[in-house]
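The letters A, B and C name the chains in turn, as written, and every chain counts its residues from 1.
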Amino acid sequence: MTKRAFRLETEQFSQERFFCRFVDWRVGAGLLVAFALSMAMASAQGAAQQAAPSPLATLVIWMPFILKGFALNLVISFLAMAIATVLGIGLGLMQISLIWLVRAPSRFVTHLLRNSPWLVILFVIMLLLPVDIRLPGNQRVMFPDWIKVTIAFALPVMGNISEILRGAVNSIPTGQWESAEGLAFTRSQALRWIILPQCIRRAIPPWMNWYALLTLSTPMASIFSIHEAVSNAQAGMEAAGARPGLLIPFYLFLLCLFFIYIYPIAVWTRKLERKYAVGS
Amino acid sequence: MFELIAPFFRHLYERTGLNFIVFYDPHEFGRFVAGISISLQLIFWSLLLSLVIGVVGAWTQRSQSAIWRGCVHAYIQAFRNTPPMIQLLFFYFALGAFTPSVDMGGYTQPIISSFVWAVISFGIFGGAFNVEIFRAGLDAVPESTLEAAESLCFSRWQTYTNVTLPLAFRISLPALTNNLVSLAKTTSLAYVIAVPEMTYVLNQVWSDNINVPEMMLLLFLYYVLVVTLLATALHALERRLVLPGYGQ
Amino acid sequence: MPSAPKSRTGDYRPWPDDKPIVSLNDVHKSYGMVEVLKGISLDVKKGEVICIIGPSGSGKSTLIRCINGLTPIQKGSITVEGQEVNDPKLDKLSLRRKVGIVFQQFNLFPHKTALQNVMMAPVLILREPKAEVEQRARALISKVRLTGKEDVYPGHLSGGQQQRVAIARSLAMRPDVMLFDEVTAALDPETVKEVLLTIKELAADGMTCILVTHEMGFAREVADHIYFTDLGVIVEHGAPAQFFTNAKDPRTRQFLSQVL
């Protein structure tokens, strides 16, 4: 009996993974129909109770405003992911450094970033980062709130990308290092030309998962009154008279919005994961 | 306890201006302790609910009925692919608006408090991941081992309780640890529906006393501690239950 | 007064020596559209050791599993001590108490020690007193030459050791017939010997054994009768001396020329 019996590939099941056996567009479509139906039903119920614009009509009026907010969610997610990727790779490379003084602190930072709740990191950055920084040439770099929140979102993802890189490099068999050494590669050359290219395939699915997770976290920006989808929806409900009948359609609409965007990414990620699993 | 640390932190404040007010002001200390208590309860009940949902869901996913399996699958997809914060808002505001309130003599109070809504929401969110984890654990128990039990006269139920479940649980445990730790971190989101847990309480403290950096540090330490303790406990359980000879 | 837990061990009547203890008559078995067993008939007398040999995929494992009621058959009859296996109302418990089975892949319970593996079924299923079972289990473990390994987990035992624990585990149910399905196929050459020795001793003690094996030397040595199966039928059978030196069917000859 192989020693691999009775084991699961742990990472596949963490919250950070969108692993599921039969992720399928039909499931997504079915869910969306269910969402829409319940939205319509809730609005119909609301309409029966109240006079003047039905909840659904109200939602339609405010839809462009909410969508505009959602665009900001997306912008934040793109930027934060870009920052997290660049810094995360840097931190990850530091984690596999042979120099203890580089490795130890970068390990510590990675652990800290991975183990704190996102909300706490958000508070730290939003409240402790100054509004602007004065550069030596008497130039001022402004930090509007949405830039700050982008930086805050980048941090936990950065920690996790750093860890993905370390895990991927460690999963390359030592024989690869040895054969590179045999060909007179230096460590950095081996890393650059032999090890890292092999890591990329392994790292892409988890990287995509982190993007999805990051996007799913962007609504937290509404806590800091950034005008993204959730705060815009709440503002819309407020402006439309804060009727309880509005709550279900508005929140369901928000859920749908994110679902429509994230679900295809999850399906695609799963596909890549399978493909690479077969390939290796 | 409080009497013991209070003089030191009061002194610290007077000397250096570092204002850890929750450690020397009795009122703020009370708030702080209540915050810890609520936060730990929130974590405990959310994890518990997510485990129950995970077990029941995994069981349903292996059932014969395609309809039930489809329902569980849709549930998993719906809750994995939408933001947990909006789920929480949806439960608390949208569904909460339609749950009845009880008259508490003078004022009314909803039957389901924000704390309970948070537990429900996090439990359902975390459960979506646990279902998959448990199902994979059950699937990973080799058919041949079950057959061996059958050939030794084990009934279906005896096989289930003596072989399938103990093995599936052990197989699932590492993945489960990850997910539970993640979920514990996610509970800080209860802040958005004003559950007076740690994040919320320290927020109030720092707005009342303008000591943001100190309280922030405390918040950070609190979560790092809780997460580390939870992870350590679960890893210890993992080590105790590891299948000898099949470990790392 | 609370009554003592009911023991299910009572009511034991030895099967007479002259009648076949296991008897297969025109057994047909298919998986879906594929017919794997196409009319197998054989008789095994008490204390007899029979070996089933044949090429891979010829249905040997299937045959063994049918005898233990692990898979149902479509046609024909299998009786064990007069009890019909192909009966929807079959009392599987009483059948499986009579028939022990050992698999190629050992299939020990990895979360229990060797001793616990052996004790589990008698204690849980037969509800025999624990102390008595433990005594018997220790005796069995020493019989398969594993004294000292009682508290070791399967993951820390070698393949051969695991297989011998599996044999002890089956014997703990005090079966009348033992089925062995290629029990040495997954083992290293050195450990094969230990396991074969255990089986040989078992056979010498008078246990009725049905063995599927690829170890021709062993089959020749221990078997009273050899059956050669191919494509779901018994092509040829006979006593080992005659079977190995004087096979009649060309298929048997070809198979033997490949494996000998």
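Please note the rule applied: a residue touches a chain if its C-beta (ideal position, glycine included) is under 8 Å from a C-beta of that chain, and two chains touch if they have at least 3 such contacts.
Values in this document were obtained by computation on a predicted structure and should not be read as measured data.
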Closest chain to global C-alpha mean, per-chain Cα centroids: B
Chain pair, most C-beta pairs within the contact cut-off: A-B
Cα-centroid distance, chain A relative to chain C, in whole angstrom: 56
Length of the line joining the C-alpha centres of chain A and chain B, rounded to whole Å: 20
CA centroid of chain B to CA centroid of chain C, Å: 49
Residue numbers of chain C (touch at least two other chains): 105, 110, 155
Where chain B touches two or more other chains, by residue: 142, 167, 170, 243, 245-246
Touching two or more other chains - residues of chain A: 3, 5-6
Touch list for chain B against partner chain C, complex: 142, 144-145, 147-155, 158, 162-163, 166-167, 170, 241, 243-246
Complex interface listing, chain A residues touching chain B: 3, 5-8, 10-16, 18-23, 27-28, 30-31, 34, 112, 115-120, 123-124, 127-128, 212, 216-220, 223, 230, 244, 247-248, 250-252, 254-255, 258-259, 262-263, 266
Touching residues on chain C, where the partner in the complex is chain B: 68, 70, 92-93, 96-97, 100-101, 103, 105, 107-111, 120-121, 124-126, 153-157, 166, 169-170, 173
Residues of chain B that touch chain A when the two form their complex: 73-74, 76-78, 80-87, 89-90, 93-95, 97-98, 126, 129, 132-133, 136-137, 140-142, 167, 170-172, 174-176, 178-179, 182-183, 185-186, 188-189, 191-192, 199, 203, 212-213, 216, 219-220, 223-224, 227-228, 243, 245-246
